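Each structure below appears as structure tokens.
Two complexes, one shared chain (subunit A), two partners (subunit B, subunit C).
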Partner chain A sequence: MNKRLPIGLAIIMLGVPCSLLVAFTHYPAIQALINSFWNNASSRRPSRFVGVENYQALFEDDRLAQVLINSTIYALGTIPLAIGLAIGMALLVNSRLPGTTLMRLSFFMPTMLPMIAVANIWLFFYAPGIGLASQILGIFGLPSINFLGSTDTSLASMMFVAVWKEAGLFMIFYLAALQSVPTNLKDAAKLEGAGSVRIFIDVVMPLLRPTTIFVAVNALINAFRLVDHVIVMTEGGPNNSSALLLYYIYEVTFRQRDFAYGATLTVLMVIMLGILAIFQFWVLNRKAHYQ
Partner chain B sequence: MTNTGVSLNVLNLRKHWGQTEVLTGIDFQIAPGGFLTLLGPSGCGKSTALRLISGLDEMSDGKILIDGKDVSRLPADQRNIGMVFQNYALFPHMTVADNIAYGLKVRKVAKQTREKSVDRVADLMALGPLLDRKPAQLSGGQQQRVALARVLVSERPLVLMDEPLSNLDAKLRTEIRSEIRALNKELGITIVYVTHDQSEALSMSDTVVLMNAGRAEQIGTPKELYDNPASVFAAGFIGTPPMNLLKVSDVTMPQDILATTAANPDDFLIGVRPESLKFPGQAMDLSATCQVASVEYEGSVFLVHLVSSSGSKFILSHTGEDVPTQGTEVVVGWDSSATHLFSKSTGKNVPLET
Partner chain C sequence: MSNGLNKILLSTFAAVIAALWALPFIYSVWTAFHDEKYSANFQWDAPWTIANFLEAWQAAPFSVYFFNTLILITIILIANLILCTLVAYAFVRYKFRWAGFLFALIMVQLLISPEILIVENYLTLSRVGLTDTIIGIALPYLTSAFGIFLLRQTFLTVPKSLDEAAQIEGAGAWRVLWNIYVPLAWPIYLAYSLVSISFHWNNFLWPLIVTNSPEVRPLTVGLSVFATVDSGVEWSLVNAATLMTTAPLIIAFIIFQRQFVANFMRAGIK
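The block that comes next holds the complex of A and B.
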């Protein structure tokens, strides 16, 4: 295996992935950065350099403010909920109850479905009057709610779908982590008189921390990355109440065809995610290791 | 810190998982402050027995009495038992001090008392400078001492140890072995100790329960087990190297032993410890003619590997000067008092008529 590759072959093998990386990642990113300093071209006049004008527009954009607030609520709401649910499900399927294989499968199922399919399923669930959600409310004698059509509930409805879809995947990570917790640690705590809740808090939870950090990073990225359900179910509405940052970028760029402003928003998102990533890796390095 | 130990009685302890019988009924008892070892090869049920005593697993049948009280149905934490695990089971996210204090904390002991107890035990186990470290920053021997400290701090009168030394290197093993023995003697704690290492069992215990395939093969003091193995299994398990087992046809023996075996010579095995074998041995009570297959130098002794004319392999542990050379034919001999007779069909020791 230690034979040296001929230099030509090495260049080809490096060149192919590098050129793909440049073509689809680095070039568009740099182009977006450049575009954000130019205004839109039209048939009558070409694009011209406008400096930071597009960035100044960010501060006067009321829709952007709304979208950023939505995205923050969305991230802060879905991540803890999905993690909590994932831990609960993992504990359940890790127990000695009968039927855990079936439970694992059904909890994991939403993860395997494409987001578009999930969104279509939930469109039916949320349908006012006839949907599953309305029917359940009906059983308890509550009035039907137009989940997707009301500014009060549309964002929460999107969050619910995201949690439903993501928790299953996170459960798998927690399940793996739970199964690697040594039994004799739990035995030792048990002999000291700790009950099962106490054992979970004192012994199991701290050992799950690396998993929690890993899952949180993924959940945060997904919170900004996954907007398929918004596109399918609400198109950000009503009145921008369920619009997320990435959806807004999509709308500005490809619906309104404002490529310059779209590029500016993209740069903003990349910067935000970059800062979050740096922060998370810092936490990861500090807290995740025991060995 | 003087913990007075308690007595432990185990009566007809049984365990099966589904159809598989792991323990087929064992009985033993220890006096307060005693040191009892469950010894046996892996899979013999010794760790299962320990877990049943601790209450971490539920027994299928039988009784466990601690200090005379039946604890068979009590949950683990109400049996007042401490346990040391094979891989220490230290909480990796807690400091040494927190690890030691964990049980006290769970039982809501006041912080001041807690700290005092931890300091005292840390002193005893020479862990003082390590209290702020995490387990991963400790060596194996230090981790094991923390595990011991965690058990000692709770002042449990009965402590169970599941192969506590098997992850340590040879030198540390001897060191901690004597530490455990000292704790047992000085503090008066009753200890039940599980090991597969017969030399550990012999050197530490007051009583050894030799286990095989889910039952107690022999129970006795280390000396009893060594001097009078009750079965072929016990003979082959105890001693390094273990007892030699020879065919009747290999051995030239006096009339009385010959008479015992005459009825069915093929059913008998003649047992003799390697250190009871003498060379040259023509003049001894019993003797065997054999080839020297190889010679191993062990420091204090030479282990001479021998093969009899019928092909039985056995070992002579030789302390003298004139070591037999490889390939020569020699006659080794031994006293009738050093001879043990076993029946192949029952596996049991057959008493010699003297």
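The block that comes next holds the complex of A and C.
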């Protein structure tokens, strides 16, 4: 049976870490909520209580509407694609094909790179007229495309960069899961005459569920919190076509110096993340119990 | 039979996919080692050079950036290892009121990570005058819910009998922690350190907001300034700088590849 925690030990063990955590996680979250009901202080007058004025502004903000649509497309596009690719990569790397070490290196390398480095690499790759993308299109006699400079392609181009960076990390988790699938299950299925596709769908897939839950939750959080590439590659442009929510918070707060609206957007983001996480957990858990 | 043909087809397919996946990175590396005039026109026999690296190194204070990043990841790693160990140990070995509630409060950080709270955290930092300092970049990351979670899971697997035996021998709380819990969690410490180092080596948005002057910039912020301002956007220079700033991580990864992957797996699954 565990002992009672003496107060002295409690202060030493929990005091510093918990106060740091509260100061930079809970306090700012609550402070954002409070600040969202106040307007910005200026040199002439102090900040004043404005009620839900900032929240009314949310509904009239056309840029925000665009940003939320972009974020939704970004999350819905990148997460399933990255997960699908990660499973495929894990199957390849886990197979008995020659060269799996090099394959693993190739798939996992982008994950090791900072998003800033990845952004530079792809900025160069996409560069109209200069980059490899244009050179390859040129070989086939196709005109070069301004991937990042056109409203039609900028968001998709950013999504591809994100998938490129993340799929390798998810592959590692699937690789671990694949290696822990008991071989006797697969052997049994084989004895029953199941082909490798059947074995994958009926034996392996259900065992990958917990990994998928873990990866999907992580991917969702990442889709919201990682916007380094947006800052470096497009600054949300052209015409907001590639702006994501956290990038918009950054721009409103630190470029336009509108801290009150920044706080309001932060509250919006925290609420959205909370709802999404609960929803995702609930849906995936239900599916997991279904079988 | 067709099995052999299948295998050849599948191998070719896998090799092509892996090569295409690595292509943007390989091309960037190739450009970094060649003259600027080849960056827009690939020529397989173009002469190799390291001039870009020398020029990039001189064009911006990369040695300062490297130093800052090293200080930053060291501060965060040491603080994380100590603080997360203490919290995890308290939760596993002792019972106290509100323990479950407190644990749930800590786990909130997994969802609402410091990146999302940049607005208010920046205001906090400027109120205490720590903007534009390395310690200011580190502060929100000194405790990590992920680290606490990971260590708690590990400490839970330590056999109670070992703990009790040590107590009978007269070992106090700290001796038990140091001689029993920490050694048994060694692989997890290693895994966590690798994850932490690579995360903070790569972190960009928060340091970008907090820092203003070149003296405190970490590598990622320095690189982005270099790529947009200092280099005059010469692609061979940008690629050389990109490669240079990430080389230590890449080399470390290639050397420790097996342990790294194994540890990443362990970190993710438990």
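Assume the second predicted complex is superposed on the first by the 275 of 291 C-alpha atoms of A that agree within 3 Å, B and C clash if a C-alpha of one lies under 4 Å from a C-alpha of the other, contacts with A are read in each partner's own complex, and residues count from 1 in each chain.
What we mean here is this: a contact is a pair of C-beta atoms (placed from the backbone, for glycine too) under 8 Å apart; a residue touches a chain by one contact, two chains touch by 3 or more.
Values in this document were obtained by computation on a predicted structure and should not be read as measured data.
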{"item": "Which of subunit B and subunit C A:G193 touches, first, second, both or neither", "value": "first"}
{"item": "Partner chain(s) touched by A:L207 [first = subunit B, second = subunit C, both, neither]", "value": "first"}
{"item": "Touching partner for A:F37 - first (subunit B), second (subunit C), both, neither", "value": "neither"}
{"item": "First (subunit B), second (subunit C), both or neither touched by A:I130", "value": "second"}
{"item": "Partner chain(s) touched by A:N184 [first = subunit B, second = subunit C, both, neither]", "value": "first"}
{"item": "Touch count on subunit A, higher of subunit B and subunit C", "value": "C"}
{"item": "Subunit B versus subunit C as contact partner of A:Y55, first or second or both or neither", "value": "neither"}
{"item": "Overlapping contact positions on subunit A, where the subunit C interface meets the subunit B interface", "value": "none"}
{"item": "Complex contact set, residues of subunit B against subunit A", "value": "54, 56, 76-77, 81-83, 85-87, 89, 91-93, 102-103, 106-107, 134, 136, 150, 154"}
{"item": "Complex interface listing, subunit C residues touching subunit A", "value": "7, 10-11, 14-15, 17-19, 21-25, 27-28, 31, 39-42, 83-84, 86-87, 89-90, 93-96, 102, 105-106, 108-124, 139-140, 142-143, 145, 148, 173, 198, 201-205, 208-209, 219-220, 223-224, 227-228, 235, 238-239, 242, 245-246, 249-250, 253-254, 257, 261, 264-266, 268-269"}
{"item": "Subunit B-touching residues of subunit A, taken from the complex the two chains share", "value": "182, 184-185, 187-194, 198, 202-203, 206-207, 209, 290-291"}
{"item": "Partner subunit C, residues of subunit A touching it in the complex", "value": "2-5, 9-10, 12-14, 16-18, 20-21, 23-29, 31-32, 35, 92, 95, 97-99, 102-110, 112-117, 120-125, 127, 129-130, 132, 135, 164, 169, 172-173, 175-177, 211, 214, 221, 224-228, 231-232, 246, 249-250, 253-254, 259, 262-263, 265-266, 269-270, 273-274, 277"}
